[in-house]
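Letters are used for the chains, namely A, B, C and D, taken in the order the chains are written, and counting of residues starts over at 1 for each.
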């Protein structure tokens, strides 16, 4: 069988998205005896669920781990829950859609807990020396939308991993650091790839 | 000539100190035509200045870059200033000394600006893709004490670099991350070593 | 009819709890034509749901707004969701109970969205000049447990408000501020009381 | 004699500045037997020192406490040091001047420690129940420039207090709080006024 791992294209002011690079790096690898299918999703509220449905239809994965960028976080964060709320807060999506406290699915459940083993994934990450934590909120942007759609619409083990910037990405995001301005936290791409691989492995077992 | 690069031994609740590892890694390397002398300082207010004086006396360095751990920071931080204040705040030093708003040198200057090229160092770090920034406060613990002593007592180009945790160190510092607790920011040791090497190179030029 | 407003007794290292004081201040007041019943809950995973059930049984409120302390937050935070997870993370409850990633109700829903008007409450708070925001996570301690229990077990409009420290409470929490240590954010008790009153009013309308 | 207390006009994206309101509130009051002269400074690197010199020349104060806004801080912060560096970092001054790592006074000292009793001021603030701390960096904008100029050019007891937003100011600064966005920390104006009054009193004694 396969394991589906998605990332996102760049969005907002960000020129790159580490989740896209992680998904491309893992595409084609074998994890826990499964072939990883790496795919990149659009940052568009209206398209995320359909793209995921098409990928699941095509690849019939044993588990799905979607990933996205959460600038400002210091770790690989494994999300515990997705809620039935779309809100772009301050950053419109890439189609310039900016929902405000709208339900994802008016007939859907209020929320779903991730069905990959969240706590075990974080423990496996920490055992591997990778900074990681359980997160209790995936926000209300496309990342939460993806996880909610996976859990509401599909009978598959599914989870979501938020990734910090890479060091190069943090440098690109920095505001006048040579003058005392701020620079976000980061983890190197190789550590992020190994982190998501570890979550896929835990999910597959 | 030589370049002196110091780190610190572990202190407080920390089991390791990346600055010690960076100093050991750089010891013996050649940077900008100079041999790096890597040394590890005690985290003791009463001994830092004497140890630095002995090292400078022995090695007559072209420049000194002292380094230390600043858990919670996200970058390689190049310090701009050292102030004539010792204060252990909440963490006594390794000899259990805990000064409170005391002058380092009652006859000394209020403060000294670092004499390595601070802004150029940060620019060189960013050019190398290493998260970095200028910092306007080295605190009031042994790190500030070291930089103040270098600048007050010695006629040598001197600066200080605060380093974040390594990923392994951040994992060790984390409070119940598998349950949603916090994990500090980090940079891998190799990036920290390359960062301090870059500052030494900029200081030597 | 009545409006039920609960706070919590002190817990962990905290000597006071602003939510207790807010609930006591509002007890007996008339808001939107309803009498406010202010009550103080124990910080015990095993007792919160039963105490709430008894209060609802006795007072048959038109709406319930539970409140609790979230040290470190800067605002009156109106919670959007409660999840079916108990986890004490790093702070055991007052009965020294320390659940780890356990379901609140093994047969219950994964999560519930608050049924008071969350967004309208925050807008009303901001209109009144009170720092406020929607929060997407009530954590996994007794606060989340209370909101989950209200929404899972009772057919009543229910919500939760996290409160920051009062200035006096922030001073008590501070670590060596006279030496440069940290002090948490705060809002004065009067503003907190007016904030929770505003949420009760919005919930009642 | 008099006590001089300055605030700043609004700057950058801020519509108001609590330090201006604090200075106006204290103007004309009697503190420790001295009349307070409250004055509002321009946020212009080129004019701050001259305005302060004119005020000192006119009023011959027993002590000067300058104040300014530091959005993001949680407390009344009493600054320990001013450094001989102007850097606008990311926010030009109100004359659109944007210095980059430039000395304030090419012939001046590297830095000066504040000459009001900093630690005693913070202790008095905490005794009064006002969140406060010692700060080791006044930044490199006009606030630092003011304190450096006072200490470099005048033989008067001088200090600087950074103030957070007021609750109303924090609401105005908030980014989409009704959708989950951020809101800075705050302290009510009355507490800020009492805080600066307390520092003036401590400085006068």
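The rule is short, and it goes like this: contacts are C-beta pairs under 8 Å (C-beta built on N, C-alpha and C of every residue); 3 or more make two chains touch, one makes a residue touch a chain.
This one's a predicted model, so the numbers in the text were calculated from it and none came from an experiment.
The minimum number of touch steps separating chain A from chain C is 1. Among the remaining chains, the Cα-based centre furthest from that of chain A is the centre of D.
Chain centres here are Cα means. That of chain C falls 36 Å from that of chain D. Here the spacing of chain B and chain D, counted between their Cα centres, is 30 Å.
Once the centre of each chain is set as its mean CA position, chain A and chain D turn out to be 43 Å apart.
Touching two or more other chains at once are residues 80, 101, 119, 134, 136, 139-140, 178-181 of chain C. Only residues 87-90, 100-101, 139-140, 175-176, 178-181 of chain B touch chain C when the two sit together in their complex.
Residues of chain D touching chain C in their complex: 74-75, 80, 119, 122-123, 126, 129-136, 167-168, 170-171, 174, 177-188, 191.
The touching residues of chain C, counted against chain A in their complex, run 80-81, 83-85, 101, 109-113, 118-119, 134, 136-137, 139-140.
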